[in-house]
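Think of it as A, B, C and D in the order they're written, each chain with its own count starting at 1.
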Amino acid sequence: MQRIGVFVCHCGTNIAGTVDVVAVAEALKNEPGVVHSAEYQYMCSQAGQDLIKAAIKEHNLSGIVVCSCSPRMHEATFRKTAAAAGLNPYMVEIANIREQCSWIHKDMASGTEKAIILGKAAIAKVNLNTPLTPGESPVTKRALVIGGGIAGIQTALDIADAGFPVDIVETKPTIGGKMAQLDKTFPTLDCAACILTPKMVDVAQNEKIRIFSYSEVVDVRGFVGNFDVTIKKRARYVKEDICTGCGLCTEKCPQKKVPNEFNLGMDNRRAIYIPFAQAVPKVATIDADYCTMLKTGKCGVCAKVCTAGAIDYEAKDEFIEEKYGAVVVATGFNPISMDKFDEFAYNQSKDVITSLEFERLTNAAGPTAGKLLRPSDGEHPHTIVFVQCVGSRCEACAEKGKEYCSKICCMYTAKHAMLTRDKYPDTDVYVFYIDVRTPGKAFDEFYRRAVEEYGVHYIKGMVGKVSPEGNKLKVQASDLIAGKQLHIDADLVVLAAAIEPDKSARGLATMLTASMDTNDFFTEAHPKLRPVESPTAGVFLSGTCQGPKDIPETVSQAGAAASKVIGLLCKDKLTGNPCVAQSDEMMCNGCSSCERVCPYGAITYSDKEFRMPDRTTKIRRVASVNPAVCQGCGACTVACPSGAMDLNGFKNNQIMAEVDAICKM
Amino acid sequence: MQEVMRDKLVAKAKELLTGGVVTRVLGWKRGEFCYDLTPGIFKSADELDKEFDFGDFAAPNLSKYLIDETRKEDGKVAVFMKPCDTYSFNQLLTEHRIDREKVYVIGVPCEGMIDNKKLSAAADGIKNVAVDYENVVVETLWDGNVTVPRESVLAERCLNCKSKKHVALDELVGYEDEITECNRFDEVARLEAMTPEERFEFWQGELSRCIRCNACRDVCPACTCEKCVFDNPSSGVESKAPSDSFEEKMFHIIRAFHVTGRCTDCGECSRVCPQNIPLHLLNRKFIKDINELWGEYQAGAEVGSRAPLVNYTFDDMEPSEAVERGDKNA
Amino acid sequence: MQDVTNFKPLIVAFCCNWCSYAGADLAGSNRLAYPADVKIIRVPCSCRVNPMFILRAFQRGADGVIICGCHPGDCHYTSGNYYARRRMSLLFSMLDYLGIERDRTRVEWVSAAEGAKFAATMNDFVEKVTALGPNKRLEDLRCKK
Amino acid sequence: MENKNERRREEILRISGVNPRKCMKCGKCSATCPSYDEMEYHPHEFVYMVESGELAPLLESKSIYKCLTCFACVERCPRGVEPAKLIEAVRLTVIREKGANHLKADDIPAKLDEEIPQQLLMSAFRKYSK
């Protein structure tokens, strides 16, 4: 049996004005477990707190009920008071007799009656309280950033700047991501490489940052502050520490017919290659799918020409295990496949291209050295049609497109149209749009400039059909304002393909137990108030893996994610909230219902041996909750059919006891 | 017909036992009467010959017994399953209650099972029963042979059979069949169309007969908790007997709610109820609501599917709308 | 026979800590009155409300039970109220199916800023339950004094 | 044909001094126009048709004479496009293509009359000599 002390606060006249506090203290005196009952002017004052402390010692109290204002106001205060008197702070319950009683009722009799019932409910609950101790866990002071695009780069730089070591894992042979493939950036039109490559160099030179390029995360275990991660470093057949990046091998390699993914297959590279001139790390990589030596054992040209002796045909995949305190996901995006959009003839004509391909066509380091030439015949195009929202806002057909707006297309299309008109004023440029969305600093002005200064024809309406005829592309479109169908003979059609999260994100989310929405974007812990944190503690989100974003937004989110990581890594120990779920293994069915509703991935299952009353052992699958990850929502407790899952601080029997106390009138 | 099938099954069971594929067979054995087949474990050809039975009374769903059987160390168990039993089996796999590796599922086709309560009502003092496609001929103690149309004594769940297709299988004895069209929600819809007073009266009439024997819970292949909340003193709802008019409602609401989204509508609860309470109408109400509110969902149709109550969409209906939704139809 | 005109219903309100309990506090701070018949139980999230708690309240004599949580999309735990919404849809529909008066149960989304909505909701709910009279169909007579 | 249309378009733009590219198709001009119901083509369409060179139907349309020159569209346009001026320029183009209404400085003395206010002549000169 508990020894409970009841403390009724007058709160000046705030409570005492409509509640007979003396009568409340008197009525609660005889409740089960209550050994002491008192009232006082201001319980939260120093004198009031001293009174509670003295009573705890004098009456050897095991729990206290404070009838006062809302627990949202002073629960923390009274918990500290209890702790100072040697009582476990979680043995304190508050009966809210101010906000939910005295302030809303005018009649003394009913106010007093209700206050007594609320007090009884709190007493009934304290009777079932158990002392709780928050768990502590150490923090590994190292961060992992998954993805080496601009989001990952910025996050890593910011974390390293605060003095913490950071590892970047990038699947490609170089960091840089999509931004490295872009030509100019809106709305200022500075060249992407000019602003990105210095940052890449910063990453390479930063002593706190390690880059695992050509690598992927294959396993994640543990929880916030204590992640155990396995990274697979794929064999690149070139010793990274020896290769000087001179590029001789990439010139001599006889295998010349490898589609160059950096230029989206619009030209070829060798089997041994460096993706682009400013690659970081600037190290060659052998493409095992194409290398004659690796496939047939006959060639070895690169090894012969390499003066540094960096080529190693015997290299194997390496697995690196490392501990991290925080994980930042920065896996980025890809344009969706255009295969299903037959109406735009993407697969029929080389001259129907995506916007990312257009970036490469206008980039000085691209397949045409920056000259805008048709991929089919290398001629200069005179009429270019841009089509916006290809696959974006496409709710009807999930296989084809995406229901959401890809956000960046309006702006980059304006940029492409403007740059084309700027370099080639003899070109007619049409942009077909559903809406032009330009919410950003200096964005609308940018778009208006394309229309007003550069004379780009913006036409409200969509392109319905593109059919190649001879060396022209017949474009059939609607002009909704003029209310007619247009027929344009175009030389080049550019599709603003919707963007989707990188395919690697889904598997990663499973490993991290981080939740995703139906479009495979990572879910944030709170859409407004915690936009860079995943609901899974210790996992943070940076860039387009969370939703479509342009570069400025990505960089600010990357910085925000970094600051959250720094905040976490600054701590030596993490103190948990003890009001977390707990599974009774003896009752657990192992059905996984709780695991499925847990938004934090705090629940795991394992097979355990149980000694049965008949002296046999039985192996059962049972749930266990990681208290460092659980946030205490209680969704699992209701999903659990057997009642094996319960929530500390809000246990089933505690809430039932409150219900009973309220209903026992 | 019955004998032919029984012999086939026995032959199959023997083959698996002697071939060492399985160490035991879970099937049906003769009860005290010809119409009360019960689950049984057979470990030898001899036991099979003596006790194994199959036919129009092989109603028990054997899937639940696999929880204990697959936790035993001694090899694989073969089990006979009618199409609707396989749904329960899949649901238990989804919930990780059964080790699939330790089970050899033999599908048996089903043309519907006879409800022995209906049969007893039609013919008193049953001594023996012969069944063909059309009729059931009952040899009685006192009234000689009584012939009734087979359909008139089929179990309700079989008259509204949802599927004749086995959704889990290692081997099939007999023929393959399809998912059937049925009107199993008609009775629920009839109740929904009543006034609240009429509904209350209906359910009070039904549920007040409950004697809390717990047979519905014990037979239910979804009610497989290690410890049932009704047996657990700390759950707050522990109770062994209905002490007043509300307790039985509370019991039945909680029982049905606990299996929501996991209930395959196998109908075992109503089959075993000694008081003839149509318990399946509670479960079917939940299934009907789930189908209408969040899209068709058949528990056990596939292993690993996500039950509706551990799932959500952003634009689910509000509870108030969900409750009032029926009014427009009524 | 209870005098209907003097009937004071007993209402149990489950409020989530982050939105609705704070909304109730705001109603108090703004002195927005609602009947003393409403007694609030604090839970971390609407998804903590087990159907058993609701049935228990009815069993022990509550005349109405209301569950308040954050608006869909605003849950402190991101998804809790979505689960609560599904569970309560089924439970309330079942109670309706058994012939229990609909107005005895309700789910309402009340944010921390909606003190006025909290008070208005409680006033309306108390009015509706008062009109229904005492809860007879779900009461456990053992526990009445 | 193509050239004639382009010349016409340039002439309209020159007379009106309007840059139709500035239009962002919000429709406020049409929303505010008191003659809307009388028109086949509406103010925003005038602007769009001039911008895209769709002049023939516009020049033939009666709509251009329904414009009251109340300048509500000019007043309300968020981009300063001034549709009324454009419409006036279209009207002038139509009239001039019929060879009428072009006022040269030399024509004025013949028209001088004591009854006619000089201001009227000045306005006419400004308008018809553009």
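We take it that a contact is a pair of C-beta atoms (placed from the backbone, for glycine too) under 8 Å apart; a residue touches a chain by one contact, two chains touch by 3 or more.
Nothing here was measured: the structure is a model prediction, and the numbers come from that model.
Set against one another, A-C and A-D show the most C-beta pairs in contact at A-C.
The greatest centre-to-centre distance from subunit A, using averaged C-alpha positions, is reached by D.
One finds 36 Å separating the Cα centroids of subunit B and subunit C.
With centres set at the average Cα position, the gap from subunit A to subunit D is 56 Å. The geometric centre of subunit A is 44 Å away from that of subunit B, both derived from CA atoms.
With touch defined as above, residues shared between interfaces to two or more other chains in subunit A number as follows: 597, 639, 652, 656.
Shared interface positions of subunit B, defined as residues touching 2 or more other chains, are 229, 235-236, 309-311. Residue positions of subunit C with contacts to 2 or more other chains are 51-52, 56, 73, 79, 83, 87. Inter-chain contacts, as defined above, occur between A-B, A-C, A-D, B-C.
Of all residues in subunit B, those touching subunit C in their complex are 188, 191-192, 196-204, 229, 235-237, 243-247, 249-250, 253-254, 256-257, 260, 282, 285-286, 289-290, 293-294, 308-314, 316-320, 322-324, 326.
Those residues of subunit A that touch subunit D in the complex are listed here as 448, 451-452, 455, 457, 460, 479, 481-482.
Only residues 70-73, 96, 98-101, 103-107, 110-111, 113-114, 117-118, 121, 515, 523, 525-527, 535, 579, 597, 599, 631-635, 637-639, 647, 650, 652, 655-656, 658-660, 662-665 of subunit A touch subunit C when the two sit together in their complex.
Interface residues of subunit A facing subunit B in the complex, by the touch rule stated above, are 586-593, 596-597, 605, 618-621, 639, 641-644, 652-653, 656.
Contacts from subunit C toward subunit B in the complex involve residues 51-52, 55-56, 58-59, 72-73, 79, 82-83, 85-102, 105-107, 137-142.
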